[in-house]
Every structure is written in C-alpha cells, then in structure tokens.
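Both of the next two complexes hold chain A, though its partner changes from chain B to chain C.
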Partner chain A sequence: MRDLGPILRAMLRNKTGAILIAIQIAVTMTIIVNAVFIIQQRNELMARESGLDEANSFYLTSVGFADDYNPQNTTQEDLLALRALPGVVDAIQTNAVPMSGSGWSMGLQTQPGEEFDGTGVAVYMVDEHGLNTLDVELIAGRNFNQQEIRWREPAARTWPDVIIITRDMAEALFPESAIEEVVGKTVYINDDQPINIIGIIDKLQAPWVGWGSVERAMLSPEQTLFNSANYLIRTKPGQRNSLMPQIEEMLANSNKGRIIRDLTTIEDTRERSYRRHSAMIKILLIVVLTLTLVTAAGIVGLSSFTVNKRRKQIGTRRALGATKGDILRYFMLENLLISSMGIALGLALTLGLNMVLVNNFEMQRLDWYYLPFGMAVLWLLGQLAVLGPASRAAAIPPAVATRSV
Partner chain B sequence: MISYYMKLALLSLKRNPLLSGLMVLAIGLGVGACMTIITVNYLMSADPIPQKSDQLFYVQVDSWDPHESRDERNLPPDQLTWTDATNLMAAKRAYRQAAMASSGGVVEPADADAKPFNASIRLTYQDFFAMFEVPFLYGSPWSAEDDANERQVVVLSKAMNDKIFGGSDSTGQTLRITGNLFTVAGVLDHWQPVPRFYDLTTGAFNTSEDLFMPLSLKMPLELDSSGNVNCWKEPEEPGFKGFLLSECVNFQMWVELPDAGDKAEYQAFLNNYVNTQKELGRFPRPLNNRLSDVMQWMEIQEVVADDARIMLWLSFMFLAVCLLNTIALLLAKFSAKAPEIGLRRAIGASRKEVFIQHLLEAGSIGLLGGLLGLALALLGLQGVGALYGEFADNLTSLDLPLVLLALLLALIASLLAGLYPTWRACQVNPSQQLKSQ
Partner chain C sequence: MLKMQHISKVFRTDLVATHALRDFCLEVAEGEFISVTGPSGSGKTTFLNIAGLLETFDQGQYFLDDEDISHLSDNARSRLRNEKIGFIFQSFNLIPDLNLFDNVDVPLRYRKMPASERKQRIETSLETVCLASRSKHLPSQLSGGQQQRVAIARALAGQPRFLLADEPTGNLDSAMAASVLDLLKEINAAGTTIIMVTHDPVLAEQTDRQIYVRDGQISNIASTGQLAEARLVSGA
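Showing the complex of A and B:
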C-alpha cells in the first residue's frame, strides 16, 4: 500500500490517459451488465414450456376448395384415418396451435352483464382427444365426453355449455378459490352466456408468445365446419419425421377437393416464434464478447506504452532495491485504482441506461445482483489485461538504469 | 507538403503495427456495429412512398365498445367495419380512396398437371394502384365499373404470373380462384414496399400479396377474412352476411388528399358521417376520428421494433467505447513522439504544420477503420439476415447513402478521436524536449 502515493502522483501528472480508460471501463460495464440482463430475460422467456409434447408433435392445414367439399365428412374421415395409423399417439382438429402466432381469443367474466370486464383467454376448439393429443394433464374435474362435442358453423355466435381451462386461467378468474373448487363454477362469455367449468389442466400456452398472459387458455368442445382446418398430430417418440410425409400424402390422396399445406413441426414453430429473441441473444453475446476484447486490448496497449515510457524509471527503481514483485504490484495497483474509478462511474451509468430502457421500452428493472457481478467482471478484466505488460515491466533489468544516461 | 505528411503518417503507423492495428480494429468494430444497426433501423423507418407519403391518409373511426376504448392510448380501432368501409367508399369524398382487406384462397391453374395451391389475396378498389403508384408489367388496374358491378377480375403479382403463366402477358386469360372463374386484368411488375405500409395491422415487413381483386366481391363470393378480426360484440345476425354487417373490424382504408384544405374537409366529412351513424344507434363512443399520413401511421403502429431501437442505443455506446479506446492509444502514441516533435519544431516546423501532420495520421487511421467497418457492416447485415430469417429479408441491404454515411462516420469519429491527442502533441515545448535528449 505504500505504493499508493507515487501511483496517485504519477496519475495526476497524466490525468487524461487515466480518465479516458476509466470512462471506457465505465461504458463497457454499462453495456455488458445491461446486455447480460437482457440476455438472461430472453432466456427465461424462451425456456417457458408450451405444454405440448413438442418433440413429437406437428400440424398441417387442410383447405377445401371443391364445390362439393364437405368439412364434416372430411374431418371425421381424416381423424379416423389419422388415429388408426401406427405410430400416431393421437390427433385432433383444432382452430389454433400453441406458439403459432395466430389464434382466437375471447373474454370470460365471473358476472353476467356488458358492464363487467372479461379476462382474456385463448380458445382451442378440440374434441375428447384434446387432452391426450396436447399432452396436458387434468389436475381437477373431468375431460369432455363424446356427446358434448358439437359442430361449429362458420359465423356461429353461441358457445358450448362446458369448458376446460388452464390452472393459470382458473387463478385469474377465481383468485380466492382453490383449484378443485373452480370445477363446477359458472363463467360468462359474450357478456351473458353462461358456461360451466368442468375441468382444469396444468399448462397450455396461448398461440401468442408475446402475450403477457400467455398461460391463459381454454378448451372448447367443438369441431369447426370451416373450409380450412388444422390437424394437430402427436406421434410416438422418434416417428414424427417419417410420419409427416406419409400423412401428407395420405390426406392429399384421400380427398382431391382440398389441398394440404403448412406441414410444420412444433419445434419449428417454437424456433420461428422465438427467433427474434434468439437473434437478440446472439447479437448481444457478440457485442459483449467484442466489447470485452476491445477494452482489454485497450488496457494492454496503453499499459505496454506506459511501461515502455518508464523503462528507465523502472530500471532505476530496481537498481535502488525494488523487487520484481514491487514493480508488478505497482502496475497492478495502478490498474486497480483506474478500474475502480471506472466502475464507480459505471455503476451510475448502468442504472441510468437501465432506467432509460425501462422508461422507453417494455423492460424490467435490473436485479441488484447484476451490479456486483459487473463490478467483479470489470475488475478481473483490468487485472488480467494488465498482467502481461506488468510482468514485462517486472522483467526489466536494473542495468537499464545505467544505460544511455 | 501534404503528400510528405502523408508519408510521415504512414511511416509512423508502420512503426507500431500492433498499436496502429488495434486502433484501426477498434474504429472498424465500432463503425461496423453502428452501421449494421443503423441500416436495420433506417430501413425499418424508411419512407416507403416518399413522393406522396404526406398526401396519403389512413382512416380510423371510433366504432368501439362504449365501456372501454380499443387501446390504452384511446386511439380508435386500427381497422374499420365492413359497413363503414363500404359507406365511406360509396361517399367518394376524397381525391382517391381504397378500402381493403387481406384474404386468401386456393388457385387452380388451368394446366391439369399443376397442383392447386394457396395464394394470398388483397381485396381492394381500383384506386389502390394509382394511389400507391403500383407498377404494371402488362394490362392495367380493373375499372371503377368492375368495382361497382362486382366483376370477377384479378391483378397478378409478377411472381404469380411467372408461376402460373410462365411470365407471358396473361391479360384476358381466365383463372380459377376460390372456386370462381376470374379474368386477368393486369400483371404487376415487382412491387415490395418496405415497410409494407398499406397494411400494418399484420406484419409490417410481410411480402405484398400474390393476387389483387375487387373488395366488392367479398360479400357475393363469401371470400375468407385473413389478418385480424376484432369484435367487441357478437354479430346480431347469423352467417357470413351477419359477420359483415356486425361491429367486427377487419378492413383498412386509405384516402389521397392532395392538400391541407382537402384534409380538413375530409376530417369534417368523417365527423359528419359518424354523427349520422350515431342517429342510427351506432358509434356509442365520443367522436374520435383520425386521419394519419404514412409516416404518422407507421409511428402509431410502432413499426420500428423495440429490439432494433435498444440495439441502436447499445451500438452508439459501443462506438463510444471504441473511440475512447482510440483516443487513449493515440494520446499515448503521440506523447511518446514528443522528442521527435520537439526536434521538428526546433528546426522550424510551425505548430500548424505539426497539427496537420498528426491530424493526417489520425485521419488515415479513421479511413482504414472506416473501410474495415464497412466490410464488417456487410458481414453484420448478413448475420442479421441469417439470424432473423425471412423477417429481415427486406431489411438488410446497404445502399450508396449508407456506405457514404459509414465512411463519414468513421472519418468524423477518428478526427474527433485524433483532435485532442493532436492538440496535445502541438503543445510540446521544443527546448525542454531537446534538453532531455
């Protein structure tokens, strides 16, 4: 610590260099901490589960166009054929697919009347095979039975009498009740049409991954009579890829009055829906890495320069009895001082940038532990960067002092 | 003299190749990162139709729920009901007007071997093409009579014409679409506005549609509704017609109003229209009708993604770090040259000459850094393209103004970085330097 005096005096004589490096460290810390925070948040977003058997499920769209196209017969025949295929666990017709980005939403309310607000919910129209195909677990109540499934005309205005909802939706509607008590309760759709909740499932995401209430979904016991319908198919493990072309061909050949399109795996759907997040993560990772390298290289470059400039001085110190360790310590300590100034400024800038991001974009407040983490990283970075030049300084022989005077 | 200084500057750069390389790399990285992100932001917020973006207005009327507004900002719904779209079209109160909606359907090529396929369709009116200056390869837009008489006519995109008719002039040919026979009125040349401003309610960077046909056909042919359908109350009558006559919004409308007087008149007309509708028991909310020009509409619909704006902030800070780095390194370098500068000053070089010499050195670092930055920006844009896939297809091309901007940015950055160290170099006191030799 006795080096502190000389270091400070030397720094005061060359303020600008030290200040520049300190600011650089501060800005680097600001970017790194905020970027890592964003990366972490996106990772959490992407880690959420849809509820489906993602690795073994896929879907396709069947669009009827012939004049004599019959949606009801086609759906019945298709589902029979699909469910009979070896390798298929189960299959349903559905109006929407989790994470796909397009779907149907409604509002459910606990009291009738248009003056009450509804709670938004994603609607999946499925039959009694829904739970099995979607790979969701019934945690209370019961599944639909076959008699409850109805055919939905295009532009129908009414809803079935019973639904199954997700645990999250149950908690949103009845925050006071235990899950088991929600079964049997009545909610209202379209302001005043009553619906009875017959079951609760553990987890099923809405089609929109960017929606804040993505865990709120309901199953409605219906099959659509639209010209365009989706089939969601769940296969046995490992059989998805071989079944996909087989099923596409089977359906295309079974009825020439329609086309089969958009054959898509759930894994691809996930990748597509989260692509902008995974892209952001990768870009920020590159930024963090490059920035770390630039700052480290800057420190190395600058301290090498200082060392070269002070060769004679260092030699003199060595000649007067300073050990190699003393020289090393001098430069390490100098860097530690500059880093600390930078980090102090960096703390303020980091919080400032986070505030800007919170105010202008839908971002959250930084968790406190990111700050000590950032400080540690920058200190370590500075010490590692200066290690090379400092050991070269320590290696300067005392004889240098006697040369070229 | 300048060429001599240039030689000196290059010599000085060569003397410390590692340090010079580090400075060039730092500026290159900073400029490259900035340019990549600036390009993406620039293309996202680009004016897609600069010659008349201030004369085209998106129409919004507040037909929404009396109990809650459509949007936290109390904006009217972003689309119109069928009733309002057709009423406003029939009124014909703007210089040009086009209501529109997105749809889709199965196309059955006449060639029996060709498989039927699904195509995206834009339903609109004749004025769409003139209003948005859509280029035609063959034929022309359909006529106002076609709109009025619900004639089955279609305009094909270039890609669609290539696919179905092998790129030949197909005007007058017939084509089965959605099970109905259509006559080809015209074929477009390549047309892809970025952003696809005419319909921002679905993806702002989606590709333009395969087929265009009259919106008036929607009711008789019961054409599908794509895009977003939002309703605050259920249709009162069943069936397709019930849906069209409901308060559900699924339609967009643009009007062309050449000057400010026209806009005021149209705004008055809209208010008047809504007031007459109120007498019929519709429009329960207070009067809230809007006309937004292209750039305003893009702003309201938040076309520039938050992520792109966050990255813009970060990339400028990144550039700042790179510049600080360069300043510190230049400062160190020039201070090491103090004895040399002292000597030059002592044998007659003026401060100005020393200044120019070192600014040239800083400038050449900037230029090299700029070139490196440009290469890195091209690489970066490729990377962005690969990471974002088809979403970024129309967002990752570098044009000449952007290239110039990159070089300018690098030059300004490096001169800025060079200025202080150079000034310091000029302050060298020759006698002191000579004494310590």
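Showing the complex of A and C:
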C-alpha cells in the first residue's frame, strides 16, 4: 500500500484512460448486478413446485360432438377405464391444470355480505381421487367422500357445501388461526353462500404462474357436465410416455361420439408457461457474459498500452531497486484504484437502475447482498484482467533503463 | 570495492552472436572517480550494466564489496542495486508523471524507510542540486541540465556508495555538462565511488582514472590521479 500516493498522483495526470475504464466498470457492475438479480428472481420463480407429480403426469381433453353425447356417462366410464389401467396411479376429471394458464378463480370471504372483499382463489373441480392424482398431501381435516361429489351443470351458479383449500389460502383467510383450527370453519362464496372447509392440503399452485397469489387454490367436489372435459392422469414412474398413446387410443375407441386431443405432459406445460422467463434468463446471461468479457478486454487493453508506454519507466524503476514483485504490485494496485472508482460509481448506478426497474417494471428491490457480491466480482475481474499485462511489466529487464531511448 | 575478472558477455540473436565484452578485467577502489571512453558499440554500456547488476554475464567473476554476485537471485540483485548503487542515465529517465519530490522518492520507496526520513533525504538531496524550490514541478517543466540534476538528486537520496553514470552529459550543452561534472566531483569528494561513461575527452580528463574500451576489452590505460597504478589488470 506504500505506493498508493504516487500511483494516484501519476494516474491523475493520465486521467482519460483511467476514467473510461472506471466508467466501463461502473456500467458493467450496474448491468451485471441487476441482471443477476433478475436472473436469480426468475430462477426462483421457475424453481417453484406446482404440487403435482410433474414427471409422471399428463392431461388431455375429451370433446364430445355426437348428438347423443352424454358427458356424465362418458366421464364415469372413462375414469373407471383409466383407473383400471395398469401403470396408472390415478386419474380425475378436472376443470383446470396447474401452470396451464387457464382456469377458474373465485373469491372466498370469512363474513357474508357484499360489503366484504373476497380473497381470490383458483378453483379445481375434482372428485375424491383428486388428492391422489394431484399428488397433494392432506395436512389437516379429511378428503371428500364419494357422496359429496356432485355433477355441475354448465349454467350452475351454486357451489358445493364443502371444500378443501391449500395451506396458503388458509393462512390468507385466517391469518390468526393455526392450520388445524381452520378445518371446520365456514367461508362464503358469491358474497353469502356458506361453505365448510373440511381439509387443508400442503401445496397446489393456481394455473397462472404469473399470479402473485399463485399458491392459493381450493378443491371443489364436483365434476362438470360440459361437452369438453379435461382428464389429468398420473402414472407410475417411467410409464407416462408409453401410456400416453395407449390411453389416447383407448379413449378414442371407447366412445366414437367424441375426440381426444391436446395430450400434454405437465413437463411441457411447465416449459411452455415459463418459456418467457427462460428466454429472458438466456438473454441476460449472454449480456452479462459479453459485458464481462468486453470489460476484461478493455482492462487488458488499457493496461497493456500503459505497460508498453512505460517500458522505460519500468526499467528505470527496476534499476533503482524495484523487484519484479514491486512492479507487479504497482499495476495491480493501480488497477485496484481504477476499479474502486468505477465500483463506487457503479454502486450508485446499480441502485439507480434498480429503482427505475422497481418504479416502472414491477421489479423487486435489490437485496443488499448483491452489492458486495457485485463489488467483489468487479474487483476480482479487474485484478485477473490486469494480471497478464502486470506480469509482462514485471518481466521487463532493468537494462531497458540504459538501452532504450 | 569492485572487482571484475575475465567477464565476457555475448548477445545472441537469431543469426549473430555479438561479443559485447570479452575477458574484461577491472578493479575499482573505494572513492575512485573513473571515466570510461571508447568508440560506439565497444561495450561501455554493457560494462556499466553488468557493474550495476542490471545485466548478467556469461563468464568470469564479479565481486562487489567482496561479495560474489553471480549467483544472486533477481530479488537480491534488486535489493543490492537499491542499497549500494546509484544510476544516472543519459536521457535522465525521470518519471514524467511524478513531480520532482516523488521522482527522488522512487528508490527510497523500495526500501522500508519511514516517511519522515524519506522526506528529509529528498529535501536534502534536492538542496544539494539546488532544486529544492521546484520540488512540486514536473520534469517536463525543467531544462535538460536541471532534469539531470534531479536524476543526480534521485541517485544521491539513496546514499549509494557507488554511482554509475552512462553519458550523463550526453544530452547537455557544454556549460551544463560542466556543472553536472562539478556536481559529480563534489559527490566523489564526499566519498562516493563513481564510474562515468563519456564521449567527451575534456570531461574524461578531469577524472582520477580513464579507461579506454575497445571491442569489449580495456585497451590502454591513461591516468591522471595517483590511484591508478596497477589496480587495473588488463585483459590478456
């Protein structure tokens, strides 16, 4: 550190290069830190579990078109056949599938009356096989029994008497109560229709991955009587791919009054619904990588240039008693100073850009630890980039002091 | 204090091998002021570089204060240069981005010397060369003679026992050259051993002993002082 004063004073006489590199470091830090933060957040979003047995589940749509098509009989026959099939763990008819992007939502409120606001919740209409097929765990209360399952007419406005909700929904409705105490409580749907909560499940995501309350879902004990119905099928591990065509063929053949379409695995559904996120991550990674390389190249370039320009000076310093280590340290220290100026500016710019993103793009505020992380990365980047030119400087022989003009 | 025995130095490039020094022998006693003259390319700078530990040699032996320096590490040679040897270059070799004070400070910073002592030494040596009042100036703001005096101050600040000067007046007019030589004489009178390469016979004549180098060897001896005598062993 003893060289700090003269290094700084010498640098101030050759500001331009140092300032350009410092600005480059500041901009790089700003973009890298914010990009990594966004990447990290997207990764966290994408890492969320839907609750399903994702690797072994798929769904399809059965669309009846025949004049004599009977949704109720078809559903009953289909589910019997599906559940009897070797390799199938369980199957349900459901109105919606997690992560698929389309589904129903309703509001539940703890007090009846129009004047009270409901808490939004995604609705999954399932029968007593719902828990098993969705691979969700009951953490309090009980499952539906067969008698509770009703058939829902397309025009129905009423709701069953009982529901099962997710833990997250339970906490949203009754923040003061323990999970077990929520079982048995009454909530209201459509302002004043009472429903009894009979069970709580650990986790089940709503169909919309971009929804802020994606963990709030309820199971409603009913089966739809629409001409179009979705079946969600959970298979034994490793059997999904072979069962998909088999099931498609079986259903198509069992009832000629409908068609089977849109066979989709949950894995594909996840991939599709997070596609924009993964594309964003890829782009940001490329930006981060490119910027890092460009900045490193800039540092290598500037320091190589100054090393060449100072060959004679370096030889003279060696002649006057500087060791190779002294010369190496000089350039490392000089880089540390430039980097530090850039990083100081970068801190301000980083927070500024984050603020702009928070205000205009619904981003979250940067976690504080991203700043020391960014500082460390840029310091390290600078030191690594300058290592080559600095070693070349250290290798300049002292005789250069007398030999070159 | 300096003893070279049968030193040879060969510069090899792809095609040619230049024998810059061959069988070069010289002894220098403490307190001498020696001038080295000779045609261009004869090996004067090479000799000075080896004497000043800036370059290694291929054969022979070199003792500095009775220490065999042929096996010293690069770091040890740096330390020895820093402690015992002062350099004065033809083109001054001041660091253009540092003011005079910081320039004189350069060799001192490579020693672990407290700041107060450094400051005192810098001021004293700038006073010796009559430039104390310009210590905040940059080299580019000085004349050539003044710059060379700063370089001398830089060499003096380390209080070396041994001063090596390669054509210190080569870039100066005769009046300035004379004043630089006077300064060197004063320094020598105060006890510092000096070896000076010069092309100027007038200056060379004013030193204790003159060495003439030709084809990498000392070819004849001309002395004006009493110290010359038989200390010098000419190459066979």
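Throughout what follows, the second predicted complex is superposed on the first by the 403 of 405 C-alpha atoms of A that agree within 3 Å, B and C clash if a C-alpha of one lies under 4 Å from a C-alpha of the other, contacts with A are read in each partner's own complex, and residues count from 1 in each chain.
Note that in this section contacts are C-beta pairs under 8 Å (C-beta built on N, C-alpha and C of every residue); 3 or more make two chains touch, one makes a residue touch a chain.
On a predicted model such as this, the values are computed, not experimentally measured, just so you know.
Peer 1: Comparing chain C with chain B, which touches more residues belonging to chain A?
Peer 2: B
Peer 1: For A:P6 in the superposed arrangement: first (chain B), second (chain C), both or neither?
Peer 2: second
Peer 1: So, does A:A348 touch the first partner chain B, the second partner chain C, both, or neither?
Peer 2: Neither partner.
Peer 1: After superposition on the shared chain, which partner residues are touched by A:T316: those of chain B (first), chain C (second), both, or neither?
Peer 2: So A:T316 only meets chain C here.
Peer 1: For A:A401, decide between first (touching chain B), second (touching chain C), both and neither.
Peer 2: second
Peer 1: Based on the superposed arrangement, let me know which partner A:A55 touches: chain B (first), chain C (second), both, or neither?
Peer 2: Neither partner.
Peer 1: Using the superposition on chain A described above, determine whether A:K324 touches chain B (first), chain C (second), both, or neither.
Peer 2: In the superposition, A:K324 contacts chain C only.
Peer 1: Spell out the part of chain B that touches chain A in their complex, as residue ranges.
Peer 2: 18-19, 22, 25-26, 29, 33, 67-68, 105-106, 108, 115-118, 178-179, 224, 233-235, 238-240, 242-243, 305-307, 309-311, 313-315, 317-318, 320-322, 324-325, 327-329, 331-333, 335-336, 383-384, 387-389, 391, 420, 424
Peer 1: Considering the complex alone, what residue numbers of chain C touch chain A?
Peer 2: By the definition above, chain C touches chain A via 45, 48-49, 52-55, 74-75, 78-79, 81-83, 87, 89-91, 93, 95-99, 102, 105-107, 109-111, 138, 154, 158, 166.
Peer 1: Under the stated contact criterion, what part of chain A meets chain C in this complex?
Peer 2: On the chain A side, the touching residues are 2-3, 5-6, 9-11, 13-14, 312-313, 316-326, 397-399, 401-403, 405.
Peer 1: Sort out for me which residues of chain A touch chain B in the complex.
Peer 2: Chain A residues touching chain B: 16-17, 20-21, 23-24, 27-28, 30-31, 34-35, 38, 63, 65-67, 114-115, 117, 153-157, 190-191, 227-228, 259, 261, 272, 275-276, 278-280, 282-284, 287, 290-291, 294-295, 297-298, 301-302, 305-306, 308-309, 353, 356-357, 360-363.
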